[in-house]
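Take this structure first; my questions come after.
Order of writing sets the labels: A, B and C. Residues in every chain begin at 1.
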Amino acid sequence: MRKVLALLALALFAALPVHAAPAAEKLTVMLDWFPNVDHVPLFVARDRGFLKDAGIEVEYLSPSETSDALKLAAAGQVDLAVGYQPQTIVAASAGIPVCAVGRLVEHPLSTLLFLKGKGIEKPSDLSGKKIGYTVPGMMDILLKAFAERNGIANYEAVNVGFTIVPALAAGTVDAIMGPFKNYETVELEHKGLAPQWFELEKHGIPDYDELIIVAGKNAYTARKAVIRRFTECLGKGIAWTKAHPREALELYFAAVPEAPREMEREAFARTLPQYASSQRFDRKGWETFAAFAKQSGLIEREAPLDDLLQGE
Amino acid sequence: MLEVSRLSKKYDSDDPSARLTVLSDFSLCVPTGGFAVLVGPSGCGKTSFFDILVGSASADSGNIAWNGVAVPNLCGLCAYMQQKDLLLPWLPLFENVLLPRRVRGGVSRDDIDEARALFVRLGLKGFEGFLPSSVSGGMRQRCALARTLMMRGECVLLDEPLSALDAITRRSLRELLLLLQSEFGKTVLMITHDVEEAIALADDIYVLGTQPMDVREIIRLSSPKPRSAAQEGFVAMRERILGSLAPAGASR
Amino acid sequence: MIRRYGPSLFMILLLCLSWETAVRTLDVPWYILPPPSQALRTAILRSPLLLSHSFVTGGEILLGIALALALAVPLAVAMFFSPVLDRAFAPFLVASQAIPVFALAPLLIVWFGYGIGSKVVMAAIVIFFPITVNLLQGFRSCPQELRTLFRLMEASPWTMLRRLYWPFALPYFFSGLRVGVSVATIGAVIGEWVGSQKGLGYLMIQANARMSVDLVFAAILWLSVMGLALWTLVGRIEKRIVRWKN
């Protein structure tokens, strides 16, 4: 009798529906550059378990070049990419099949940067001077638009690539369009220089999201649910970062041991107010920027915003 | 007059089997305007001897004297002709012949006339503008001979100058070598392994042994030159020399 | 004419066909790798733009070649005649080739500015090594017997350099030069990537930022043609000067 009972118990046990956790869905996300404090919420979302709870296993990759991430996402080689709003609009206008799905940094980080003590108080003081820019095809156009709207006349544009610090320090250029207000400014200060800057959105350039999450159109259609969950977790990551900045930063340092701590600590302080407060896109803002892009010559054809914006 | 007295040269080595005594108390004397020929098997040290004479190597002991004056080597005193024609491939034949004068400082009207005359004398007329690669081996050696004659130096060293040529060409060039002595009064020292060539050209034949290179026999010849195999005594002389050259016992 | 250019034209056609086929069958997006037909079309349609930038890059390359020659020839001569200098410079020679030029580019900008200078120096660095090494090899390959001949003619070192070593080394020099000019394009373009106003390298970055990937490849096409033209030109010059076989 005992034997039968034992066997029965065993059989019952075996027949019970085993509560197995559903296999996590994988997402590859290519960053816009090497990991830096702009990406803290992404690491928070991963390492605080928000993504795991949503059943997502995420892998962060670094590109070899800043336009790589977006193109690879469009081609389906990575699931998501961290991109820039202006660049995304250019891509969409050129017919590259991408859509914007989430927000990371909701204001421009690029600035028109110069050094203190050179007698520059307002933008028009840069008339007749040498102004550098970091990315041909993008920053030189922004510079031109900025100059038109702020009365900078007769300036000489110089492509400085990414040699921002030497160019300013040596005085080869008087200002540079492109350095980030949360990053290069800290770099310059650490090198003993005194940077000042004009914020683009406060000088006539329409406000835009510096960093957004981008997906290929096909990828979005195929995996809409997962991607939506991802951006939700990103929103949670941003919120948690704003609520617990010190812990968030330590978490980031643990995830990215090669980060230059001192510098990034300060950079983080300047980045904190820039993180996106919502995953919902500012449709009006995008329309304004798109019109500006067309008018300033950044794009030649209209960018179809309906297709492009797939936020919450 | 070229006098070599008691030249010795040894190549040392940690490996006893590689140690080589090339020359040991080697002496010879070539009178002014004379034609001496060294005959010996390959590898007996003839080239090492010439290396010492031209200054590419130095003897361990011994003396070299030219016209009674002791000299370390014959640099600047002798002209040199080798098995390889050593013509500069990028210069046409005429320029190759003028080379010694150019190197010395400059080419004069006389130099050009002299060179032209040599071209005629040596059967090269018409080929002045040709590059060495466009003419035959025999012509190249004739050109080398012309250059040798344009070099400063009353002494001429010939290191197997005809060995690279075919038998027919070799015969025709032999007579030209005699010009060095007969028309230009040079003192000639020649190395060869061709016994018949030695008999045809030499006033004095030095029959050499090997390791170290020593003089087995000196044969003085005085009949008119060039001598041919058809002449009386030629074959007997050849056999005599070949006999002298035969390795005596231990070989290298 | 067909016999001379036939085989290479055939290979080029074959390559283009495989590329075109691969892109179409593998469905490679145009913004990652455009098919050659598209790149070629852009290369032709936007010739005026590409031409004006080519002049700039071409100028940098030619000046770079001149600079490299001005440095390489004396250095090779010095290293040949002086064993001490040879030992001293040999490691730098090797290093100049081993260092990734991309790492040097920002330094050159700091030293030579954003103008044409840094690009010329960059191109020169890339060409310098093959020229020097080949020339040196040419000098060293001169047979001992010829050197002895000149010594017997009591030639001075300068005479030997002028009449023996230099002519002898010319074929070697030209092979080094041919290699050098074909990689000079790399040096100039990389120099332009890190701060320039004009040139095919600059155009490539600008086109890339504007997502005009076909223009990027059109620029690459023009660069290849430029490299090819330089290679052929040097070959022609060599044929004219070196009429002998060593």
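Just so we're on the same page, contacts are C-beta pairs under 8 Å (C-beta built on N, C-alpha and C of every residue); 3 or more make two chains touch, one makes a residue touch a chain.
Being a predicted model, the structure only gives us computed values, none of them experimental.
J.: So if I look at the partners of subunit A and the partners of subunit C, which chains show up in both lists?
T.: Chains that touch both subunit A and subunit C, as defined above, do not exist here.
J.: With centres defined by CA atoms only, which chain is the most remote from subunit A?
T.: Relative to subunit A, the chain with the farthest C-alpha centre is B.
J.: Report the most central chain, judged by the distance from each chain's C-alpha mean to the global C-alpha mean.
T.: Chain closest to the assembly's C-alpha mean: C.
J.: Take the average of all CA coordinates in subunit A, do the same for subunit C, and state the distance between these two points in whole angstrom.
T.: 39
J.: Taking each chain's centre as the mean of its CA atoms, how far is subunit A from subunit B in angstrom?
T.: One centre to the other, that is 85 Å.
J.: Can you work out the whole-Å distance between the CA centroids of subunit B and subunit C?
T.: Chain centres of subunit B and subunit C, defined by C-alpha means, are spaced 49 Å apart.
J.: Show which residues of subunit C lie in contact with subunit B when the two form their complex.
T.: Per the touch definition, subunit C meets subunit B at residues 144-146, 148-155, 159, 163-164, 167-168, 170, 242-246.
J.: Quick check: in the complex, which residue numbers of subunit B touch subunit C?
T.: Result: residues 54-56, 75-76, 78-80, 82, 84, 86, 88-90, 99-100, 102-104, 131-133, 151-153 of subunit B touch subunit C.
J.: Within their complex, state which residues of subunit C touch subunit A.
T.: 28-29, 31-32, 106, 109-110, 113-114, 193-197, 202, 205-212
J.: Once bound in the complex, which stretches of subunit A touch subunit C?
T.: Per the stated touch rule, the residues are 67, 71-72, 74-75, 87, 90-91, 94, 96, 135-138, 157-163, 166-167, 170, 172.
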